[in-house]
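Next come two complexes built around chain A: one with chain B, the other with chain C.
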Partner chain A sequence: MKVTFKRGVHLSYANKNATKSLPVRDFVSDEVRIIMNMHIGAPSVPCVKKGDHVLLGQVIAEPVGFLGIPVHASVSGEVTDVGTIPYLGETPVQCVTIKNDFKDEWAPLTPLGDVETVDPALIVPAIKNAGICGMGGASFPTHVKLSPKPEQKCELVIVNGAECETHLTCDHRLMLEEGERIVDGLRAVMRALSVERGVICIEDNKPDAIENMRRLCATRSGVSVQVLKTKYPQGGEKQLIEAVTGRQVPVGKLPIDVGAVVCNVGTCAAISDAIRLGRPLISRITTVTGCVKEPANLRVRIGTVAEDMIGACGGFSEEAGKVAFGGGMTGLCIPNTDIPTAKSTNGIVVYNEKDAKSIDEGPCIRCGKCVAACPIGLNPYLIKRAADADRLDEAARLSVNDCILCGCCSYECPSRRWLTASFKIVKQKLAAQAKAKGGKA
Partner chain B sequence: MTVFYACAVLGALGLIFGLALNYAGKKFAVETDERVSRVRECLGGANCGACGYAGCDAFAEAVVKGEAKVNGCAPAGEKGAKAIAEIMGVETAASERLVARVLCQGANGVAKERYVYDGYKSCAVAAGIAGGPKECRFACIGLGDCMAHCSFGAIKMQDGLCVIDEDVCRGCGTCVANCPRGVIKLLPASQKVMVKCRNSDVAREARRVCMHACIGCGLCRKNCPSDAITVENGFARIDPEKCINCGKCASVCPCQAIENLSASDADR
Partner chain C sequence: MSLRLSTAPHIRSPRSSTRLMLNVIIALMPAAFFGVYNYGVKALMVILVSMATAVLSEFSWQKITQRPVRIRDCSALVTGLILALVVTPETPWWMIMIGSAFAIIVVKELFGGIGDNFLNPALAARAMLLASWPSVLTTHTAIVSKFGEVDAVAMATPLASNLEELGIKFSYMDLLIGRIPGVIGETCKLAIIVGFVYLILSRTVTWRIPAFTVLSAFVFAWIFGLDPLYTILSGGLIFAAAFMANDYTTSPMSSYAQIVYACGIGLITVIIRKWGSYPEGATYAVLFMNLLTPLLDRYIPHKVYGHKKTGEVKAQ
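The block that comes next holds the complex of A and B.
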């Protein structure tokens, strides 16, 4: 039976056709720039300096705080710079530049052996040491997700293979080509949390992936494949839980509070490597598509610069208007192609000038399409009215803080109003307000 | 005849209710201080909230109760403060008129552009995308968040920079609160010389991104006769209390980062 969540939007996935049948291709550039805040939480602190020789997988930055994870060298070679670069967010970020010597000499690794026999207590520390964070986009440190408080009981591990975003096919290819790693990773997570049931969730527009994963799951205990209806944002954590378990994550709570843990397929594959081979997270599959000559699914080292990857795909096929990291709905534009990819960069999409042009905002016509689309069940048109008038308290009353910024409302709006963009700002302002209040108290 | 009865009954009812309401109105009248409405008339009337109260009415009540200062309404200005002080029968210290000033000269073509921004017309949104459309991460973004929030129409956008009309500005500070970059500051209207840059990066980087960036060279400090300038965090600051508006700093600044308004007034 196919399951899904309430509301949401139906997107056109024709743009996946360019890359969905292309095998993953390896690409290694001669320089990587590894940024220090690839995960949510305090940025890691570099522990190498200019001129140092680093080995593949060597720790180059130490974790800071509860949410911290270490960062590893994704190539072997010489550190040519430790500095700051502008990145996708507001403030510049620290970055370690390494010149690749193409020798790929591994730093000493400590494999833990087969996921079915390893001591479960060793799994979570190994995940932390491997620098693994959510590879679906939110980049939440995985070891934190897998360390529930004693009162929180996990019953189900969900592996997110929905890939509901447009353009992207990296998870699809991973499920087809390296499904075993995903199942291994899932088993490791299940054993770490001592959970009996694991579900790999795949949308029904990927029948080949469903078939492959079903075949691999048949021989393993407790794991199964759940087919989902194709709908956006099916791969959203809360939507996925709603679809699979029928439970909704309450306001301000985490998935673990309804007994579920959600991991991306890429994260599971990385966990498998961390346990079986002792390898840290140093590479990932990234889809490069849109207006490039040869769209591809590239396996790149973390920190590969966008320019090199676009070059590896033959360069722009026409004048580029925008280049974005991520899919069509939640992707973030990059200021120039000199920006390196991170652990959560699942795609680079190049838009031509026509597609990149934004449309001027019109007035709200009260059609209610945004309400019908919102997967959370908010009233986007009312929140937007409050946001435009800068009435933060009213926006908060309308639960703007529960908005997952999926972009469904903006997508459906016939007046092309900037709904999601303004909610993001309102959320930021409310967070700043709460912080200021907390500071005073 | 029926018409007559109807009129008589309704008329009698009207009379009875009228008298009852009149009596109730006198008996249960709420005592209001007539000073509240008089104070209210002296205020700016924009409900800008700069005083910290929920609008002009709330502020007028607070003044009469003695909770708020008589010169607490920035838009009312000195004149308003005096009028309110008269109503309240207190003395008010003459407070300096404050105006909002833009401490950035990074107009289009002066500050380097990082990318063409074509999204939601809001500085706050643009600031969050890869450090903003201008290379300088301290520069005015120029999409008009301040203009949208100004209750007095004192701000307009020109060449990717906000321009504040000092004659119209009432110094309420709403723009200051709504600028994601913090390039707008409230300064005394009499302060004519100011450093129009807040870039705290190293000199080389600051100069790379903007032709009018303060590079923190300290030439202004050395030439200041009244010791009013400090260079901290890579950019110069003028202390309005010490500054004598001589304009020497503006003339020696190698980057034209310091503006002397009295000099530009003379040019006009």
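The block that comes next holds the complex of A and C.
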């Protein structure tokens, strides 16, 4: 039976056609720029210096704090710079630049063997040491997700293969080409948490992926495929849990509090490599599409610069108006293409000038399309009114902090109002206000 | 190279406000064509005068008050067209002009323009015309001539309440295909339903409010001892359900509030028809429920994900 969550929007996924049937291509650039805050949490601290020779998979930065994970060299070669570069946020970030010697000499690895026989106690530390964080976009450190408190009992591991975003097909291709790694990773997570049941969730617009994953699950214990209705944001963590378990994650709680852990398919594949091969997370599949000559799914080393990837896809097919990391609904714009990709960069989408043009807001016609779309059950039109008047308390009372910034309201709004954009700003202001008051940000 | 920066989402639905309004106009076309086919050129004149007056009133008002001119969103055209379709073809040109200007200036613009009016402009104008010139607006020339029979007596809208007095009963088929006297656009239910199906398929509106309006009228009519099928097929109920009850601005937002709102329209329509001295109930039922919309929005919002209780939404 197909399951889904409440409300949401139906998008056109024609923009996936350019890449969904193309096999993943390998692309290795001469230089990688690896940033230190690819995960949520304190940035890692570089432990190499300019001029050092590093091996593939060697630790180049040490984790800091509870949410910290190490960072590894994604190519072998010489460290040419340890400094700061501008990134997507307002502040520059620390970055280690490595010149690739194309030898791909691996640092010593310690494989743990088959995921079905490995000592479960070794799995979570191995995941942390491999520098794995959520590869679906949120980049939450995976080992933290897999370390529940004693009172939290996980009953179900959910693998997120929904890929409800527009343009992107990297997860789709991964499920088709390397499904085995996903199932292995899922089994490792299940064993680490001693959970009996794991489901791989895929939207019904990817029948080939469903079939392949079903075939792979047939021979393994406790794993199955759950077909989802195609609807955005089906792959949002909260929406996925609602669809699969019928439960909602209470405000301020985590998925584990309703007995579920959600991992992206890419994360599972990385976990499999970390256990079976002892390899850290050094590469990922990224969809490069939109106005590029040859759209593709590229397997790139972490830290590959957007410019190089666009070049690997034949360059721009027309004048680029806007380039974003991620899909059409949640992608983050980059100011220029000289920006490196990170562990969670699932796509680079190039928009032409026409699609990039800024849109003028019309007056709210109270059509209610935003209310009918909001998967959280908010009243976006009212929050926008509060936001426009800079009434933060009113916005907070209307639960703006529960907004997941999925973009459904802005997408649907016939008056082209910048709903999601203003909620993002309001949320930032409220967080700053809370911080200033000494409360938790 | 300079790239633009913007916050997600980077894609927008193809349904802009103008597109939605055009969809409504397209959806009203079958009903309008049927009206013109039935009543001839005088019906066409009423429609054109009403639409032109609506657009002109909006344009002049916005010019005079120095506000942005928004006639390009086509919402005034929709208001003008709907108003024309709910009056008789015998309506004099000056009367429809007054009605149309009233709808735009008094009901819509004086309360803040598009999105801020609390009553459906076309319906409020119809109510105003009905109150001001009741004899003109409730007397309809029979149009059965088009279907072979010659019958030119003036009669009231065929509603269960007054039919027995007149000794006339129309068949369900007459009601469905519009072989009855009535206003320009309300008689042929089939044409209205065709238009409504287009509204649904083009995702301009959802089915919830119209469906619950008609369904609840059916159920309440049955409870109160009226002929349920006759109740929903006669008068302006189907037109009101398809094109007026679900007016964006004046209907509630949450799905639960929409159901309560729609059932309220069904109930009040039936009450007016059963016990009221006035034959038509749908107009006033919709207007009354329009007034309750802010309350419904406030007390029956969607439940917020992960919250225990449904929170009250206080409008500013």
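One rule holds for everything that comes next: the second predicted complex is superposed on the first by the 438 of 441 C-alpha atoms of A that agree within 3 Å, B and C clash if a C-alpha of one lies under 4 Å from a C-alpha of the other, contacts with A are read in each partner's own complex, and residues count from 1 in each chain.
By our rule, a contact is a pair of C-beta atoms (placed from the backbone, for glycine too) under 8 Å apart; a residue touches a chain by one contact, two chains touch by 3 or more.
Bear in mind that the values here come from a model prediction, so they are computed numbers and not experimental data.
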item	value
Partner chain(s) touched by A:358 [first = chain B, second = chain C, both, neither]	both
Partner chain in contact with A:342 - chain B first, chain C second, else both or neither	neither
Which of chain B and chain C A:183 touches, first, second, both or neither	neither
First (chain B), second (chain C), both or neither touched by A:89	first
Which of chain B and chain C A:428 touches, first, second, both or neither	first
First, second, both or neither for A:418, with chain B first and chain C second	both
More chain A residues in contact [chain B versus chain C]	C
First (chain B), second (chain C), both or neither touched by A:386	second
Contact residues of chain A, present in both the chain B and the chain C interface	332-336, 356-358, 418, 421, 424
Residue ranges of chain A in contact with chain C within the complex	7, 9, 11, 166, 238, 242, 248-251, 253, 320-324, 326, 328-337, 349, 351, 355-359, 362-368, 371-372, 374-379, 381-382, 385-386, 394, 397-399, 402, 405, 407, 410-416, 418, 420-421, 424
Complex contacts: residues of chain B adjacent to chain A	114-115, 118-120, 122, 124-125, 127-132, 137, 149, 178
Chain C to chain A touching residues, read off their complex	1, 3-13, 15-17, 19-20, 70, 73, 75, 113-116, 206, 248-249, 251-255, 301-308, 311, 313-316
Parts of chain A lying in touch with chain B, wherever the complex brings them together	86-92, 332-336, 339, 356-358, 361, 390, 418, 421-422, 424-425, 428-429
